[in-house]
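Structures given as structure tokens follow.
Each of the next two complexes has subunit A plus one other chain: subunit B in the first, subunit C in the second.
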Partner chain A sequence: MDAITVNHLNRVFKSTDGIIKRKVKEVVAVEDVSFEIRQGELFGLLGPNGAGKTTSVKMLTTLLIPTGGTATIMGLDVVKDAAKVRPRIGFIFGGERGLYWRLSGLDNLRYFASLYYVDEKVAKKRIPELLEMVGLKGREREKVEGYSRGMRQRLHIARALLHDPEVLFLDEPTMGLDPVGARELRTTVKNMQSANKTILLTTHYMFEADALCQRIAVINKGKIVALDTPEKLKENVQDLTVVEIELYGISQDRIARIKALDFVVDVSVEDRDQRQVLHVHTPKGPEAIPVLVENLNGLRLGRIITREPTLEDAYVRLVGGTEN
Partner chain B sequence: MLLAFEIELRQNMTDGFVLFGILIQPLIVAFMALWMLKGKGPDYAIFVVVGSGMTGLWTTLLFNGGNSITGERWTGTLEPLVASPASLRVVIYGKVLANVLQSLLSMIGSYLLISLIFGYPLTLSRPWLFFISLFVSVVSLVSFGLILASFFILIPDFARMVNTLEFPVYILGGFLFPIALLPGWTTPLSYILTPYWAAVALHGAAQGTLGTWQIVGTWGIMLAFSVVYVLASGRLYRVILRKARTDATLDIVGS
Partner chain C sequence: MLNHLTANIRIFFEGAYYSYRALFRWLRPATYLASKVFAPLTMMIFFVYIGAYASGSNNASFYVIGNSLIFAASSGIFGVTMSVGGERWSGTLPYLFGSPANRWAMFVGRAVMHILDGMLGVFIGLGWGILLFGLDFSHTDPMALLLAILITTFSTSGLGLLMGCLSLITRNVMLVNNTVYFSLLVFSGANIPVAELPRWMQSISQMLPLTRGVACTRTIINGGSLADVLPLLQVEFLIGVMLTILGYFLFKVFEIQAKKKGTLDIF
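Now for the complex of A and B:
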């Protein structure tokens, strides 16, 4: 049985403007999204900011009612059977909110255990185990307001696991963490998967999805634009080479000119301190470099390299180079 | 519910705004009322203690009980709370109970101020009836708070609207002067407010101005209100939570 099934899910947000003549504005956040996640699978939902990842997760965690379509968790409908779904899922939303800062980490866990009707004896045994697992042992009696961002995020993980849920939703869990904290958290996620949990992970970090997920759905502007294993997604760009050009102060006009070249499939720009790095996807390989340099005439250029495409390049191609 | 009660209590103890509402504001009210009502009969000091205590109780119920939902929005814990299997109604009942019981400190504070600092003799005419009235008042006010809190879930900006409710209820509830001084058309409004009946019972038992059966009658009215509020809250919370999930207002922090 699939742990999660999503069928043609839609979510439209409405907002009104004006006092006398009220204008209703509609924003489609999720449009006709469908996928299934097998039990024990670690599934990634990858997309740029505002793509519909969090909205999808909120619908699956019973916090939002879809405007169309259906979704089930372990065979239970997320709208009709919301009360039965809730004890079987755990979730973390990225960032530092969702905890009581004026209480200790231990009190937070005790409180959430009671909200999930975890038996007191079970909670007394499980809370120290979880604190050990997330590396907060010894700091549990300190107030959360004194925790670092990484510690709070790890406390979130412990909170989500208190009732031993079958399905976990991790919405950008490494957002804002330093590299060490993010690596530790990824190890924790990997361990959770080893414990046969079904995990839906949303992220916009490609390497994170590549390292952790068995399958990835790429979502852009509310729609699923690709769904496959990381290897298969990479195959979509196997025919291409990426030319990376370091430069300073490229204008939008110049980017548009590069994009318009007939051998260029996609272009994205990454900011690195004062420099920019232009990523040009092309089937021509190193032969494209002289023409590209000619079109960048007048700009100060740095290092130029060619490389094999990565999952990130596949992603950029799928979402149309919107992510810098 | 008990853990929600404990957690709320412990959070309040570290919140300066809450402590001000419970301890300082009622003392200011008591101080002013003491001078305003000076010479209005032999029992006026106990009237001030009960009345200023009632203002503390109402302020706490209004701001801290309801605002605990706003607090949950600010900390981002409203969503985990709603998505947990626990009944939100029961959790909120525990939180409001913590706030109301804590606010009784305001009555003790007023008592100490007037008795020890100003040296007024304070005696409760009918202590047993007073303490039972206090218990029934707490039950009825907590049940009322349950209804009030539901609007904080539905409307992210409700915290701003409740500012307008503080003083009208002080006046309509007859906390510091009888409602007979008000225009006749306001009396029905007082009758539908459970804080009014709490004030009638507490003033009546403290000063001995009401007979036993009259006080028991106010208990009956308060308990009837409580039953109505608790029964209505079941349906109300279902409707409000569904609407909040439809309108996507659970994660919105009011301005």
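Now for the complex of A and C:
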């Protein structure tokens, strides 16, 4: 059975501005999104800022009413059966908010255990286990305001697991963590999946999705632009080579000119300190280099290399970014 | 069924306990004590002397009783407002509304500790009255007094719940809260006898919580019996119940609206 089904989900936000003449602006945050997640699957929702990831998660966690379409969790409708959905899901929204900073970590967990109707005896046993699991053991009696960002994030994870939910929603769980902390958290997520939980994870990072998820949906401007296993997504770009050219100060019309070349499939620009790195996707391989250099004449060039495309390239191509 | 009931009672009291702690635990005991013990003293002295000066009479007990109650009431109102409205600041609303917890238990529980806190405040105020202004309890029925204070702090906490919900909706809590505080100061009869107010103001007094509570407490301290004040106390209680229900209703409306408009975590 599918743990999560999403059918043509839509969400439009209306906002008004102007005091005298009220203009109503509409933002389509999620547009016609559909997918299914199997029980026990770790599914990634990947997309750039403002793509609609958080909005989707909010609708699936009963916190936001869709303006169109439907979704179910374990066969229960997220709008009509919201009350039945809630005890079966756990969720975290990345970041540090959403905890009582003036209470200890332990008190935070105790309070949420009661909000989730976790039996007191069960909570007594489970809270220390969860603290152990997220590495907060020994710090649980300190106030949350004295925690580091990573500690707060991990406390959120423990909070989401208090009632042993079948389905978990993790919205950017590694946001703001240092590389070591992020890696530890990824291990924790992996472990949760082996405990046979269904997990929907959102992230900006392709490598994170690649390392964790069995399937990835790439979402951009509210729409799903690709949905497949990481391997299949990579195949999309496998016939191509990426030429990386380091350079200094390239203008938009130069980029446009490169993009217009007939053997160029896609171009993205990455900023690295003073320099930029041009990633040119082409089926032509190293042979493309002379023509590219010719088109860049007058610019100061640095290192030029060719390499196999990565999942990151597949992603960048899908969301069509010239940003990094 | 019964299990569910006990679980909801737990949410009610744990919510009460933790939200109160979250609000006040940052105060060191000394600061807390100062705010509880000395702040009412200054307020009381101010009004006793101003009152004596303005009215020419020397009726300290009138002001002592009135201000003990109003001080407790206002700290209760602010406290409850902050513990409901504070959820917006702490960003906990999505997590509260995403939980299966009974909303009634979750919401009304916020007021419990503030009722107790308010009662303590009244006792401290009256204690100052005994110490400094010779407030006389020799004719007072203690049980009746306790009941009157309990019901008064309950009804003003009801106002706090209502204000707390308004603060979720409007964001201009402090403005609304101050307005309420000053109207209690003027209308409740704590400092100005209600009978001396113009007629239209009197009708406002009659709609507010606290007005009857103040009157009952004065009557009881001055030797009245429970039977004397019971009719008024019942109305005071009813006002508290109505405010609580209204607050809860607004709370539900807020929840539904926030989910429709997507304003749950905007602060």
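To be clear about the criterion, the second predicted complex is superposed on the first by the 318 of 324 C-alpha atoms of A that agree within 3 Å, B and C clash if a C-alpha of one lies under 4 Å from a C-alpha of the other, contacts with A are read in each partner's own complex, and residues count from 1 in each chain.
Please note the rule applied: a residue touches a chain if its C-beta (ideal position, glycine included) is under 8 Å from a C-beta of that chain, and two chains touch if they have at least 3 such contacts.
Keep in mind the model is a prediction, meaning the values are calculated, not measured.
Trainee: Using the superposition on subunit A, decide if subunit B and subunit C clash or fit.
Mentor: Because the two structures are overlaid on the shared chain, the partners are seen to clash.
Trainee: Give one of first, second, both or neither to describe whether A:L63 is in contact with subunit B, with subunit C, with both, or with none.
Mentor: Both partners, subunit B and subunit C.
Trainee: In the overlaid three-chain picture, which partner chain does A:W101 touch, first (subunit B) or second (subunit C), both, or neither?
Mentor: So A:W101 meets both subunit B and subunit C here.
Trainee: Please indicate which partner A:Y117 is in contact with in the superposed arrangement: first for subunit B, second for subunit C, both, or neither.
Mentor: A:Y117 sits against subunit B and subunit C alike.
Trainee: Per the definitions at the top, what is the overlap between the subunit A residues touching subunit B and those touching subunit C?
Mentor: 13, 58, 61-65, 83, 86-87, 89, 91, 93, 97-103, 107, 110-112, 114-117, 159
Trainee: Would you tell me which residues of subunit A are touching subunit B in their complex?
Mentor: Residue list for subunit A touching subunit B: 13, 58, 61-65, 83, 86-87, 89, 91, 93, 95, 97-103, 107, 110-112, 114-117, 159.
Trainee: Where on subunit A is subunit C touching in the complex?
Mentor: 11, 13-14, 55, 58, 61-65, 83, 86-87, 89, 91, 93, 97-103, 107, 110-112, 114-117, 120, 159
Trainee: Which positions of subunit C touch subunit A when the two form their complex?
Mentor: 4, 7, 10-11, 14-15, 18, 21-23, 25-26, 90-92, 94-101, 106, 259-262, 264-265
Trainee: Using the touch definition up top, name the residues of subunit B that touch subunit A in the complex.
Mentor: Of all residues in subunit B, those touching subunit A are 3-4, 7, 10-11, 14-15, 75-77, 79-86, 91, 242, 245-246, 248, 250-251.
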